[in-house]
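One chain, subunit A, appears in both complexes that follow, with subunit B as partner in the first and subunit C in the second.
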Partner chain A sequence: MSEYIIKNGHVFDPVQGIKGDKKDIAVKDGKIVEKVGSSAKTIDAKGKTVMAGALDIHSHVAGPKVNAGRWYRPEDKHFDSHKKPGITRIEGGKSIPTVFKTGYEYARMGFGFVMEAAMPPMYARHVHEEIHDTPIIDEAALPVFGNNWFILEYLKNQEIENAAAYIAWILRQTKGYGIKCVNPGGTEAWAWGLNCLTIHDPVPYFDITPAEIVTGLIKANEYLGLPHSMHVHQNDLGNPGNYTVTLDTLKLAEGMKPKNNFGREQVLHSTHLQFHSYGGDSFANICSKSKEVMDYFNKNKNLTMDTGNVTMDETTTMTADGPFEHHLHALNHLKWFNVDVELETGAGVVPYIYSPNVTVNCIQWAIGLELALFSKDPMRCYITTDHPNAGPFTRYPRVYSWLMSKKVRDEFLHSFKTADKVIDATYIAEIDRELSLYELAQMTRAGPAMALGLRKDYGGLAPGMNADIAIYNIDPDKFPSTGPEIEKAFANVAYFFKDGKICVEDGKVVDMGHKHTFWVDVKVPENKQVIHDIREKFLKYYSLNEGNYPVPESYAPHQHIIAVDAVQ
Partner chain B sequence: MPKEVTDVICPFCGTLCDDIVITVSDDNKTILGVKNACAIGAEKFNHQRLPGRVKRPRMRQADGTFKEVSYDEAIDWTAKMLVKSRKTLMYGWASTSCQAMSVGHEIAEKTGAIVDNCATVCHGSSLIAIEDVGVPSCTLGEVKNRADRVIFWGCNPAHAHPRHMSRYSIFPRGFFTVKGHKGRKIYCVDCRYTDTAKCADEFIQVAQGFDYELLNAFRAAARGETIPDTVGGVPKEKIQEIIGDLKQGRFIIIFFGMGLTHSMGRNHNIDIAINLTRDLNDFTKAAIMAMRGHWNVTGSGQVLGWQYGFPYAVDLSRRDQARHQTGETTSVDLLNRNEVEACFYIATDPGAHFPVDAMISSSKKPTVTVDPHINCTTEISDLHIPVAMVGVEVEGCAYRMDNVPIETRKVVDPPEGMLTDVELLTRINQRVDELIAAESAASKGAKIEQHADKAMAKGGA
Partner chain C sequence: METITLTVKKAPELYLECENFNPDTFAGKTAEQIANMPVYQGKEMSTVGEYFTVSGSTGATAAETKIVINGDCTKMKYIGAKMTAGEMLVNSSCDMYTGSWMKGGKLTVNGDVHSFCGLAMKGGEFTINGNAGNYLGAAYRGDWRGMSGGVLRVKGNAGSDVASWMTGGTLIVEGDVDIHLGTHMEGGKIILKGNANRRVGGQLVKGEIYVFGTMNVMMPGYKPVGVVELEVDGTKAKFTDYIGDLGERHPKKKGETVYGHLYTKN
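Moving on, here comes the complex of A and B:
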């Protein structure tokens, strides 16, 4: 295998505390090593920024609702469907890229790992078929549990052990990575056209509250000792005044301690927090509560979050928060796709146009940035767009430009038609902070790796770690001053190493790499009750046989399996 | 001792039953019996053992007869045809696996082809409507567990999806539907009294060609607006009564088929049915589902979706971008306008289903048909290549009508030496690479973008 020496680059590595010093990075056999021999190929990184490959902790890139978004929006392929230089298949789609484009674009930005944010267990085979076809990047997927009949019944009876055994079974059946919880209870209510908007609204028939679901799932996660924490999309997404529901939900984690062998420090990851940080009581007086939310978040160290930044694009919203999508469709009357999934979950898709002429969208934009800028610990706060909900992931470089340059974001802020109203309703104009390259590395590499339980091998450049390395055309001593320049630098790497192979060079894809599907295999004590319940529900209520439920091995030819032993 | 294979998935219709039990001979070569399948599914498995199976490729001779050729010859001929043709129609896919489709798409991208599937003459109308207005839907288990108002509109599952009613839509006792069909009100709307109507509580006869008007009237009535005295032959009192009853339900599901997709209005019929369903969600829970015909036409739509962003009629002939435009890139239109130079048919029978003029046009072009059987298409092709039957003799992924993916099983061995779709397409792909490389080497400084083609041979996931 190949040896490389990346010379003279400015290294930003939070794992080793390196903040831009010039340091050589040696690569051998897919790993970062102390040194290499003289036959190693030299990569000149002089005047460039070197970071570990980035990790996206929450993105909708593979699965039934993602694909529905693709094929029901042929217009999304206008203007952005072509092959780029390099060895690529046809690339298509602006807000929902096709699988080929997804892999290439992430790699061009220096990302080595993407977490598919929500996998309906019954459709897991679909998720894995798409993951299989997505080149270069490693991927994993989070099965959803917050509206699952087994979970609702077990947690109602406070049977954590049974819930945990069922979760372990699902992770194995679906090759899943952890516990995702979307609009707890509300999507089951949506199967009857209803919803749960606070953490105390009971789920029809099952008579359990979102508070009990969230608490139970956190406990089950720690009982199992999974690499990632419980990952929650709170109730009441998108509605003015919802920050109270957010704080109520985050408070459920108080006093809980993480239990795992992966260096994970949080018990709850709160996702796309921008959509959940609204004050006011209508869209006429909606305002930012990012400060209030971050005050609480900063004090409570057993929490992590990702931002969900609005990028001000035409995009496509998609979520397992089915009732929210119906509500959004009632607001903007754009085509609505919905699917309710038996015993498990649901999903909805609605296009959305974020416009700088719409005050609410500008307020949302500001809130997303404020969350990152108010964060006191960049290792716990990660940058996302909840792709594609708040914007396409290809806009991450633009989001970085707003976070790293007050000038750039203020320029945009003052270009809004109702800038005064936006400034009144938010904190953004008062904030001077600009994220540094080191903080960016924390928020896009080391931080997400820690939260995902991958810190041993990913998110850093220490010897022994995986050689996922991004080299950007950014000279830290001459940091670009305009938005377009910052964007360009982050959008097209000089080099991207994946597992020690150069996959992107000068923004061009040159190698498909050898992507892996990550999943978590948990050993639990044999649980006859759960086995019986599974058998019974398949016989009586599912429309599919138990024998046809698991994801076949052939769907994930290269698996990175994280073994966990939860047998006490 | 014969053995039983359980949890077998039937590869015939969009119902994709997965509870079939097949008895297989000890040597794994013959299917001896089929349990649980309907008559059509049983025949799919049982006919595997019938004599007269085509086991090797057949090439048409100058005198019109067919002569057996080797797979190698067939693969070479096919690859040459694909490389020579600037725009090939690669149509079908609906009865093969997603894994096979993936390989086929690679070939289409590098040789310049249009990939189209059976939706083009079936639920294409529905896909167009969904591209316009979206669709509120659900999985079939939601119907089983929750639906208490079921409408079959312009479809006849008694004939086309025989076990649909017992597995999902009328008879099963689900979690919230313990009374089975006694707890459901079943409506059947059709221009004629079908066998499905016999299973319904109420049959509504709509005048032929007036489905749009009737759906529109339902929608208006649902919103409390005035409607004419009669619409499509149905009195307004009946329309209002039905709407009133639907609103009393907890979960409405509308199933529809060719009665809407292929009658006056086409995609507009589906459009308004979807809009009606969406409107009903203001009063109670409502969903709608297309009764997809082939067992994996949905899968073709999904694979095309995630690889190119469109559900059917995907034109890859420009090599650098995918295009989709009903009327321009759809198979029948391409054939009618004589816009393709070669035809590659797989896992379908356009000879039986396409308009005659389109097939006359097709028959004048070099044509390869990949199919286990002799059918209307093979007889007007230049080359017929048989393959193993997916879901019977080789495994592969399929998508049910509600988009649920299920991996079909291999139950018996294919005939000796017979290739599977994946094996055949992989070898065609390799031969295409060789021919393109040879062409490239032969003509230096040649035409446009051949680099892209060669690179494409190595690229892709």
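Moving on, here comes the complex of A and C:
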């Protein structure tokens, strides 16, 4: 493999504490090395910003509900389905792009790793088929557990060991990465026409509460010592006044300590907090409680979060939070897709238009930004759009422009028709903070790599780490002052190296790289009870045979297995 | 107003996607520049000049530009799509998406148009002197935003699913239509001078449909509320007023439920 030396660039690397100093980066055999020979190709990064490849900790990019969005929204891709010159295929879709466009666009922005945030175990094959077809970027997927019958029964009886053994079994069957929990108990309740809107609402039939599910899953996660922590989408998403539920859920992690060999420091990752930081008691008086949420979050080091920034676009919401999607459909009357996944989960899909003319949407926009700006530790707070729920991931450059320039964000804020109302209901106008390039590298590189248990290889530019490198046309000494300039720079890397290969040059995809699918294989003590329960449920309830359940290796031929031993 | 004329010199083997054919993209360009603009045939890109001879000149803005297209355009899609001003005259029949997403200006087709024409039209005048296919003035497949403004007139017949998801504007069919006229309508006005097949105004929330001829079968969700004398598109006559579709949700305005109206000529 070729050797490269990236010279004269301004390097931002939180792993080594480099804050924009000029430093040469040497690349050999897919890794960053101390030095390379004289035959190495030189890349001149003078006047440019050099960072590690970015990681997206929460994005819906592959699997059955994403595909449901694609097939029931042909209008999403009608106008941009022409083939661009070069090696790329046709790139269709805006909020629910094709797998090809997904890979290309992430790479053009300098991303090297994306976590598919919700995999229904029964449909894991579909998730892996799409992941396999997504070029360039490494990916992994989190199976959902928060409404799974096995989990509800084991946790009801405080059987953490059995829950953990079952989770280990599922991770192996589905080639999954960790534990996702969506609207704990609420999606199961939805099968009964109900929901769980606080952490103490009992789940029908199972008679367990969301609080018990969250606590139990955190314990099982630490029992297993998984690379990622429990990853929760909390109850009562999107409703005015839900910040108290958010704080209640975060408090469940108090006193819990991470136990793992991956350098992960949190026990709970709380996702798309923007949707969970609302005050007021109706959409007429909804207001921001980002400060209250972040005050608590900042003090508790065993938590991480991502923002879920609203980008003000027409998009397609999709979540395993089935009752929420029904609620949203009742609000906007747009087409609703709903599915129940047998013993495991459910999902809904509804298109949504975030509009600068709708005050509630503007308040949501402000809250998402406030969360990042109130964060005291950028290593624990990550930028997402919960793609495609709050907006398409292709809008990250615009979100960065709002976070990095007060001028850009204030201009947008004051362009709202009801700007005064929005300012009254939020904190955004009072905040002067502008994120620095170093903080951006923490929030999009080193931070998520730590939270995902990937800090050994991802998120930094130290020798020995993966040579995933993004070089942007940004001179830190002359940081662009307008929104469009910032956006353009972050949307089109000058170079993107994936595993030491140039995959994007000048915003053009030039190589498809060698993507890997990550999954976690945990060794647990033999557990006859759990094996018996699995047999029984497959015979009694599942519509498929146990033998047809696992994802065969042919579905993930380029797999990277992280082995964990939970026997000791 | 300056006129630029395009004459077909070669028929495409498949279908030609003429997404650039509107006064907005032509304005301010020379005939030679227009001949060099891209058109797609399948996944392959070529130039306007490959299929057309271009002559005349354009105005500085769309409003000062008139485009005349001669020759056989039955395999050309998107003619006049997205135009916002100016004038277009097509002396041929056209394929899909003709005049779709139009916002202003005047588009006249001296021939028939295929299905999915005038989709999601927002403004302007679109006149079809022949017949139209299915989904005229409707929403794009999957979309919920149909015709919302402007005037769309067909001198001949139109197919099925005309004006689905219409929210505004006026659509006039002087001939007959097939099934599903004004399905899911939430505003606007449809005037049908001829006859309709079944299912007129199914799931209609708001808006008005005037039927001069007969309907094969009336939807069960409509209720007659009286007879009114109206002048519709130059014709004065008595119409029976039906409200509906009673099976659908209806908004309230000042405490009163707002229904859609279906008027049939007595």
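The rule is simple: the second predicted complex is superposed on the first by the 567 of 568 C-alpha atoms of A that agree within 3 Å, B and C clash if a C-alpha of one lies under 4 Å from a C-alpha of the other, contacts with A are read in each partner's own complex, and residues count from 1 in each chain.
Definition applied: a contact is a pair of C-beta atoms (placed from the backbone, for glycine too) under 8 Å apart; a residue touches a chain by one contact, two chains touch by 3 or more.
Since the structure is predicted, the reported quantities are computational estimates derived from the model, not experimental observations.
**Student:** Tell me which partner A:123 touches in the superposition: subunit B (first), subunit C (second), both or neither.
**Tutor:** It touches subunit B, and subunit C stays clear.
**Student:** Have a look at where A:100 lands relative to subunit B and subunit C in the superposition and call it first, second, both or neither.
**Tutor:** Once the two structures are laid over each other on A, A:100 reaches subunit B alone.
**Student:** Using the superposition on chain A described above, determine whether A:449 touches subunit B (first), subunit C (second), both, or neither.
**Tutor:** neither
**Student:** For A:90 in the superposed arrangement: first (subunit B), second (subunit C), both or neither?
**Tutor:** both
**Student:** Where does A:267 make contact in the superposed view: on subunit B (first), on subunit C (second), on both, or on neither?
**Tutor:** A:267: touches no partner chain.
**Student:** Please indicate which partner A:27 is in contact with in the superposed arrangement: first for subunit B, second for subunit C, both, or neither.
**Tutor:** Neither: A:27 stays clear of subunit B and subunit C.
**Student:** Identify which of subunit B and subunit C touches the larger number of residues of subunit A.
**Tutor:** Higher number of touched subunit A residues: B.
**Student:** One more residue to check, A:542. First (subunit B), second (subunit C), both or neither?
**Tutor:** A:542 contacts subunit B only, not subunit C.
**Student:** First (subunit B), second (subunit C), both or neither: which does A:78 touch?
**Tutor:** second
**Student:** Looking at subunit A, which of its residues have contacts with both subunit B and subunit C?
**Tutor:** 72-74, 76, 82-83, 90, 335
**Student:** Spell out the residues on subunit C that touch subunit A in their complex, using ranges where they run on.
**Tutor:** Residue positions touching the partner: 40, 43, 45, 139-144, 249.
**Student:** Help me check something: in the complex, which residues belonging to subunit B touch subunit A?
**Tutor:** On the subunit B side, the touching residues are 6-7, 9, 18-19, 98, 102, 106, 109, 127, 130-142, 144-146, 167-168, 174-176, 250-251, 278, 281, 284-285, 287, 301-311, 316, 319-324, 397, 399, 402-407, 452, 455-456, 458-461.
**Student:** In the complex, go through subunit A and note every residue touching subunit B.
**Tutor:** 62, 64, 66-68, 70-74, 76-77, 81-83, 86-90, 92-93, 96, 98-100, 103, 122-123, 125-126, 129-130, 132-135, 149, 191-193, 205, 326, 329, 335-343, 346, 349-350, 509, 512, 515, 540-545, 547-548, 552, 555
**Student:** Within their complex, state which residues of subunit A touch subunit C.
**Tutor:** Touching subunit C from subunit A are residues 72-76, 78, 82-83, 90, 333-335.
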